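Below is one structure. I have some questions about it.
First chain written, first letter: the chains are A, B and C, and each begins at residue 1.
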Amino acid sequence: MSISNAQATSSIQICRIMRPDDANIVGNVHGGTILKMIEEAGCIIGTRHCNTQNGDHCLAALARVERTDFLYPMFIGEVAHVSAEITYTSKHSVEVQINVLSENIVTGTKKLTNKATLWYVPLSLQNVTKIIEVPPIEYSSSEQEEAGKKRYEAQKLERLETKERNGEIIMSVSLPEPYTVAFSQSSLIHLVGPSDCTLHGFVHGGVTMKLMDEVAGIVAVRHCKTNIVTASVDAINFHRKIKKGCVITVSGRMTFTSNKSMEIEVFVDADYLVEAEKGKYRAVTAFFTYISLDKDNKPLPVPPLKLEGEEEQKRFEEGKARYLQNKAKRLADKECK
Amino acid sequence: MSISNAQATSSIQICRIMRPDDANIVGNVHGGTILKMIEEAGCIIGTRHCNTQNGDHCLAALARVERTDFLYPMFIGEVAHVSAEITYTSKHSVEVQINVLSENIVTGTKKLTNKATLWYVPLSLQNVTKIIEVPPIEYSSSEQEEAGKKRYEAQKLERLETKERNGEIIMSVSLPEPYTVAFSQSSLIHLVGPSDCTLHGFVHGGVTMKLMDEVAGIVAVRHCKTNIVTASVDAINFHRKIKKGCVITVSGRMTFTSNKSMEIEVFVDADYLVEAEKGKYRAVTAFFTYISLDKDNKPLPVPPLKLEGEEEQKRFEEGKARYLQNKAKRLADKECK
Amino acid sequence: MSISNAQATSSIQICRIMRPDDANIVGNVHGGTILKMIEEAGCIIGTRHCNTQNGDHCLAALARVERTDFLYPMFIGEVAHVSAEITYTSKHSVEVQINVLSENIVTGTKKLTNKATLWYVPLSLQNVTKIIEVPPIEYSSSEQEEAGKKRYEAQKLERLETKERNGEIIMSVSLPEPYTVAFSQSSLIHLVGPSDCTLHGFVHGGVTMKLMDEVAGIVAVRHCKTNIVTASVDAINFHRKIKKGCVITVSGRMTFTSNKSMEIEVFVDADYLVEAEKGKYRAVTAFFTYISLDKDNKPLPVPPLKLEGEEEQKRFEEGKARYLQNKAKRLADKECK
């Protein structure tokens, strides 16, 4: 049960059982789960190979994934087997070829679900901008080496060509000014997974609150660019439940800043993707307050929010009222004691 | 705050060590992590209590969280202790009060980091729209019961009042028409956590690809409202690395539909939140292709994409070219064999 | 890169990179992470084997883990390789032997970190109370078969004997003195989620062992306030299954300290949250042994346990007997070689 040395540097096999969290609610494993396993196998074998000679220690960094086809869906409870092999090395890059098999361990059925080719580049651990030299592999024939070289040249050409497409931007954003509401406002979407839900198939309130804190925290960091922590959360009412299979959109915008705190309003919208007639609805809203901390965990001053338009002004005033009310309440509580 | 036998159904204590993924890169535990633990404790104790008498089995669903203050930050390696106690019951709701302590198990230091009050409503497992009756708890004094009743009435009033605020919408969306590019386009943000990174502090390529597949999958479901699976991923180039502490924005838009497939273009942008001068940059782009499956995992027809404007038309044509090229290549490969 | 058929049913190898969340803050991988991987490998190979003949489809459920020693600590960034092999089959059970290697893919160093032996019982997927027959394996020699039979008989006897210890309960605390049992005793509660469970809806044995290691680790740190690692786990019997929808309470208390080790007894109780009438039951118990390490990973002396009362004295003596017995066994094993 040991790994023979010959095998050790040139191939690796990763496998694990597919869990509910790896799949959608129908039980189909996400392509992303497979891609992540593929890349882990490639990273292990690439890093291992590039450290087989003297010199700087290094990690293999993913440079390119060739086109990948998913031939069959995989399901919860099946075992995904990912086998990786180094098939070509240039001076500064490593080609890893990968096969993915699905195995139903109950029926014994096995299927080749996909193949992939990844290119890695070894970066020095001492100096991450330095690409180190790759030790050559041995080929079983000169034809094999030739074919590898062809693939190498082809992908190199393609990489150069695709660089240009990167200029585009997807959302029409008009580059808002720093410290405005528009500058820091953020939103995320989350596909509800099995672990997010109760036995009823409703999203746990705690899962929703965690996502709300995540978005609000990003808004706060975008505004003040420092280490921030949650200082308080205003009362939250859960008027409408969120069901399994929904996509949740969580959006946050800053409403108020005091000298040392930021108030962020967070909205949670749920969207029944499949049952479209049910439409999108507002599930929860809340106000989160953050403070900014220095290295000794002492509060830092917060840059004031730049307001644009009456709406923002009105929300700021409302935030200020909440801030003053809470401050008064805290003082009253202290005096009681 | 210890568990005695008598107390067993009316109090509970949850604890666990704070892990790297519970915190930001400075080591401060996210408020959201604590909120999630609080809600888990409340859900357990509420559900347990509401099932102590005969009748329908039920789950306690979160209806409201009172304002919560975070008194001290918590850190990785500390143990978070969440103790929950039922403090009031009305006919249809349960009040749970929660204390959170942080314990540094090395130094022995303990701190009360926050208190919270949650309201739960028991929903029947047989019929989730049915709210069942809550068994009453015993109060140590009539004053205690009176105080609970007051809190109950106060929150009830506040819940009614807040309902109105929910009408607002955050992003100015002009409600695009179904089957257009704008209708299904989606984006998510992800705060890079420790487990996403290599020893270099760079995001694993596999983590990025998983997020890309997640967004592209949501775009595909939004378009066709059925069960979808990843059919293929075009070559992906990783031109620029993504570092620890970045926020990743992953956006997807549909570019092309054939009879039975959808092509989605995905963009990954990285944003150095703290080192703002470094700005935002495009890290990766790729094309994902999805197919829609029926209950027997057979491909379904896909609604055609409605194009608006020249840009979308141009991208569609390019997508079609890629589609035809891949189809021709598959046929050629088959013939070779 | 295909799995040869001969290999396919009788061995399997799982590996993955150790991430920050798999380890403590010093970077030592939790014993629980390894136990969980071991159990996943055992479950795959056991399930696969038991489905190789006609008849009911089944899943292999963990019945027992033999005493397991952790020979070396593992670190974040290393690759854990878990290889499993079926080494004996009785009519209704399967023995799986497992080797765990740590591989530093940067330096190339490999170490055998532990070995484990697990016993599985195949439960029908149609009727989970039905244990199906196990197809026999082929032995390379009759000596090998004989030795397997001996191990089978020995564990069977031990399982019967240990059933009694399960009655005990751990409990209530009023500010105990340092180094006493009461001072370090700890418990956590976990709501079983979908990803914790098999297709049967039972909790994976590996998930339970990971939680046990987490609690025992907290007890150990509370006692000695230093970096600790799992040194060994005594045989664990899984007498009763834990179902989806349960709440698990895991409690640990220190029973014995030698100069350089701490023994912690861990109890796992399951509680049907919704079907409260079914009551709470003891699902698993076990003894975990920890050692304390300095910065160079050398063992440190452990503060002696302060005993209070006859019960604690008695448990200490029993712990001492186990400690001496294991020590004698280790010496005998060494001499054999």
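Quick note on the criterion: a contact is a pair of C-beta atoms (placed from the backbone, for glycine too) under 8 Å apart; a residue touches a chain by one contact, two chains touch by 3 or more.
Each chain and its UniProt protein: A, B, C = palmitoyl-CoA hydrolase.
A quick note: this is a predicted structure, and the numbers were derived from the prediction, not measured.
**Q** For the chain pair with the highest number of C-beta contact pairs, give its two chain identifiers.
**A** Here the largest contact count links A-B.
**Q** Chain B-chain C contact: same residues or different, taking over half shared as same?
**A** Under half shared, hence different.
**Q** Round to the nearest whole Å and give the separation of the Cα centres of chain B and chain C.
**A** The answer is 32 Å.
**Q** Would you mind pulling out the distance in Å between where the CA atoms of chain A average out and where those of chain B do?
**A** Whole-Å distance between the two chain centres: 12.
**Q** Out of chain A, which residues touch more than one other chain, so two or more?
**A** 40, 43, 59, 125, 199
**Q** Where on chain A does chain B make contact in their complex?
**A** Residues in contact with chain B: 24, 26, 28, 30-33, 35-40, 43, 59, 61-70, 73, 123, 125, 128, 155, 158-159, 162-163, 165-171, 178, 185-191, 198-200, 202, 204-207, 209-215, 217-218, 221-222, 225-227, 229-239, 241, 247, 251, 253, 265, 267, 271, 273-276, 282, 285, 288, 293, 297, 326.
**Q** Residues of chain C touching chain B in their complex?
**A** Those residues of chain C that touch chain B are 19-21, 24-25, 76-77, 171-174, 178, 186-189, 191, 214, 217-218, 221-222, 225-226, 247, 271, 273-276.
**Q** Taking the complex as given, what residues does chain A use to touch chain C?
**A** 1-3, 11-17, 19-21, 40, 43-44, 47-48, 51-52, 57-59, 76-77, 79, 81, 83, 85, 97, 99, 101, 103, 105-108, 110, 125, 194-195, 197, 199
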